[in-house]
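We just call them A, B, C, D and E in the order they show up, numbering each chain from 1.
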């Protein structure tokens, strides 16, 4: 039968780790990169675990960027007792409800990409993330926009998703506090291609800078269509713009764009190039911003599992044990980030990076790095 | 019983019914005849509320029907059949008749949901009564058949049964004999008499079958181009030269 | 801000908003035509039509890539390339549409009307995934940005006509889209209303059995309808790709929804209605997203533009239940 | 083959034995093979077999209730997959109830509604707003937020609010017919979703795109129902009520009016049926089921946001109704169950299985084609195939046949009464 | 010469047999009528000829060509016009367009014009209403339109299914006159009628059909005087 993929004989020896990210739908590129990153790290460590006497397996789930689907998958993940950890999600909107199910089943979740504050603010012991939060990223961007780029009048667009709203609000509040004037605050619809309406509104408001809270697909088009209309002011966005596709979509117009990201430029960090090479070799794809974060999230979980195994005299640990072991991680060194969780599950070493495209090429040039 | 005065209906530039005055007495069988497109069906449609008259008055038992919706007209006691049959075709014959009993079945939604005794009793009664109506028009064998599968003649009779189930005071029949052969028309004639006598009905019918019309109706109105061109007893109408010219034709006079 | 400043802002950007609205509306209008044609003949909301449009966009972009790969961009005028791509793509999508009808709709002609809706939805899903699969296989990413053909900007001097207006910008791609769209619409309108085959299509729409008694080959007429509708949809896809450059397999769904709304607004089954409906929805949307927040001093923003469009649709339908151009034919009883 | 069929059709004893054997074997296999989704599905399938048997309705009902309330929870409770089975079953129950509501509107009254999910959303948000801190943004008393105790009351409030919205929508739009109505309802659905997505400004009612979290689980006598197996019973009970209500309405004067309106509006009116009222009732009753289930959904998920209420969801529910067989209660139940299970369980499981094979290197599928991404493709394929091979739906609606004995008068007295009317 | 020949035709609607071993012939230049009560299978016979219903078994020859395998529209092309029961007007097309649809297979504009003129002469009412939508015409007007539309095909065999249904006596009279006139101009006619009296009067030959079977064949006048026919259909 379908559900009987695993051999029941040596069932106790199998350790599974799930990934949940959108593998289909609008943001599947990023979702896929998380899965592949995680998959790569899991493959790398298979041999290690074999030595410990365990078979390591990946169980990728597709949350379709849809909370209902995510919750239902989470329920299934909870049901599969060999699963000891989850790498995911991409979208905070999906992570927030799904994590309630992990919490109940004590499955540790390590998120490579969820920046919304609420993800960890609820104090769930199973929920962790290795990236920075929106209330760090937003103000960092605002600070750069107001103090470095000297923007006085700022126009904010957001895509009306949980992520976009959260980031845009964080940016807005910080920018306002720094003395900038918010001359427009508009929402757009995800999936559409014509944003001339909002752009016309920008044109009449003539801001010094436009901030976009949302993903690259819409962001790229807005940037491009604004450039077509002759708007010259700089654009700024968050980690949602951090994708090679942005450059493809926006073309030359991208040269006017700044973005904050919670992801470091993988190629610039030590060992990053090797990572990218191996990734390319295994999957015949270029890395995305979150590929390495998927990889490191998996690393964190596997580290937690290893620690738990050790504490449990080399026997199969329980989920509760792994959950605790993961939260206890204090100095994990991944490819792109060091990881140490605080009591809420936020990564103490998470940083925000500021990039600027000075050429029509991804990734942009890292111009600043901010740590807490 | 039914008094219509100065009734007019215009469709855009076309005047389908023009300034018609007609009075119908209780318990009679009245026919409305006239060439095709004379406005007969339109006339029925105005009485039953399907179309709103452009002007004019329709009084039924001293109440105005103008402006009432079809369901309200039906509740006042006027039932009809349609020229182009309009049955609930995927419901059974029995259900069709039961729909006709709608307004006389008074139990609440609550008693339906709770299956209260009133619901059960009334529903059972309704079923039996509906069956009686089917028997009345001779369709009892077909009660479980889907209405859409019945033959043309059976469908016409089912429409009559359904109309009767609303327990009307006046029954309007729009070409009930169309598509029937002389034998079947004969049966229909008997049915109409029977309805009038058993049920105390007033019957108004539109029909092109002169044999039926001349035999059955006590009084006739003739419409042409929306206007009433004649009225009277069958014998008068038959010999009215205007009617012969506009409607009957020469041979019809001889055969009818 | 004071009232008149608000109004000034709105008026000043009006020419630009109208230009943009017209372009978006043109796209809606032609896609709406495809819905209307199929609806007119089969009384089927062909949900897959949005996906035909989407396939057209991808096929067209693929052609553009091939042509630029062959270096034709330097040797041929852009307009000629566009025309060639339009023709090739519309023929291809036309056949796709015909094929869909043959495989998925024809077996269901006698089935209840709504069951065909299910196959239409099925086909939509299938096409979305299929196109996604091919693109991803070829390019590793299904968001596709094609080569751009016409990028010159023109300025329309509306300011000199009326000083309260600002000037409007228009890309040459947009001008071409408008022109091609209008040509397509006029041709189609002529075809449907003035030619024998158009009349046959309308007759088949009403009563297939009787039409076949008039020696009309019903299957052929239906195939023709699907071919035309889908060719038109595919061609619009190409225009869309040229205008916005970036496409993904899910554009058909959203756009199809809007276009269908437009078709209904105009009076579904009515060719001219679909066109007008498309333009109206396009302009309304553009106007709402540019001005809603100004007009409501920030209470409602451009995120309400669809609410605005749908609300207008609902209001129109309440007062004119058969759509703007649908004739209110009182049912003959 | 045909002979066996014929024999089975006649012999009730054989049917009884067969179904008992079937239920026993499948239950046993589920009991032993806890993680086998197939076994779980096979147990569920027994309900369909039960439906096909020729027993009296009361026997069928009792057996079904037994299977649903005792057998399934018990035999699946042995392993860890228990909660996941119960979760899927709960969702199935929620969708079945909604589909039954839509069936009244589309199947019985013939009004094509493409925005049905809006009522679900309204129910869900009603509970979510008043039971969380959201409410304190606009009502400032200590009374709010309400606790999980209020859930029971909110089932009715949710249904009621949805019904009212149904009527409010219906009054203006029912002049609009057929596919025009479809697009108007679609527009309504979208409007509701967009408004919920944006009502975080100027006053924060819905928390916008961020959604509302921390929705309390129902409590009863101080006991918190938060596990799927507990929700399962809540949903089952509600579903029972819904099914009962639908079947009873269908065979009443109101049900007949709906069908009559669907078949021929003009004739229906001429039979004294109030068109607008009849249609509004269909809207309201259909919507109320959806609203009720919305409340359950938000309590079960503990979090809701507008992405759960998209047009795609409306279409999915419509698919359930049409696929099962419009106007047919058993059909709609089957359709809803199949689509939900297919989407939530089967496709995910097949995907996982194929993924496993790919990861193990048994087969190699390009990532673009990775089954995980082909769910829509597969779903689309299933839809097309079912439609082509079962164009009337899986269990088409049948007219209720009446026994002649029930129609013939026994008392002459009544007879006289009828004729003299 | 035999124009149309049906041999042992059996037709079904789903499981219901509507025609049982129907054999009939129509000779060139004849008016042949089919009479029978409701549900006898008269319409089904016509539908079987025009290909709308495909028989389970039997043979149909028209001008010695096998019709069985042909789709409806090709049968129409052979010159068989079928005026269906219930008129079946294209309700959203105008009167003119309805008529033009009748001439769908005619390429020559001039011929179309001539035929249009002729139809208008038969039915002046249609000329008056040339731009009215077919669906809003009264019953009788629609019947005229349906016959006119069939004549636009310029058929060699005209099959009429209850053309007098719902028509004023004066029009019925006219229609029968037109039928006779068309026939005298050489058109072969197969007429289904409830109005058995008038049908038999103008028919050369008649078939009586009962529950899907041919009961009697004979000359029009003979049938009219037959006692059984009188009792059952002429009353």
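By definition in this document, contacts are C-beta pairs under 8 Å (C-beta built on N, C-alpha and C of every residue); 3 or more make two chains touch, one makes a residue touch a chain.
Since we're looking at a predicted model, the values are computed, not measured.
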A correct list of chains touching both chain B and chain C reads D, E
Could you find the chain whose CA centre sits the greatest distance from that of chain E?
-> A
Chain of greatest Cα-centre distance to chain C = B
Of A-D and B-E, the pair with more C-beta contacts is A-D
Taking each chain's centre as the mean position of its Cα atoms, how many Å separate chain B from chain E?
-> 30
Inter-chain centre distance, chain C versus chain E - centres from mean C-alpha coordinates, in Å = 45
How far is the middle of chain A from the middle of chain E, if each middle is the mean of its Cα atoms, in Å?
-> 74
Centre to centre, by mean C-alpha position, how many angstrom separate chain A and chain C?
-> 36
Would you give the residues of chain A that are in contact with at least 2 other chains, written as numbers and ranges?
-> 24, 28, 160, 187, 285
Indicate the residues of chain B shared as contacts by at least two other chains.
-> 11, 41, 50, 82-83
Indicate the residues of chain C shared as contacts by at least two other chains.
-> 129, 132, 301, 303, 306, 333
Quick one: which bits of chain D touch chain A in the complex? Just the residue numbers, please.
-> 33, 35-39, 80-85, 87-88, 91, 197-198, 200, 208-211, 213-214, 226, 228, 301-303, 305, 307-308, 344-346, 348-353, 355-357, 359, 367, 370, 372-373, 375-376
The answer for chain A against chain C in the complex is residues 24-26, 28-29, 160, 184-189, 191-198, 200-201, 203-204, 217, 220-221, 224, 228-230, 245, 248-249, 251, 284-286
Chain C partner contacts - residues on chain E that touch it in the complex = 50-52, 71-74, 76-77, 81-82, 84, 88, 90-93, 97, 100-102, 104-105, 133, 135-136, 149, 153
Counting only contacts in the complex, chain C reaches chain D at residues 39, 43, 45, 104, 107-108, 110-112, 114-119, 121-126, 128-130, 132-133, 136-137, 257, 260-261, 264, 268, 299, 301, 303-304, 306-307, 310-311, 313-314, 317-318, 321-323, 331, 333
Contacts from chain D onto chain B in the complex sit at residues 244-245, 248-249, 251-254, 256-257, 259-260, 263-264, 266-275, 281, 399-402, 406-409, 414, 418-419, 421
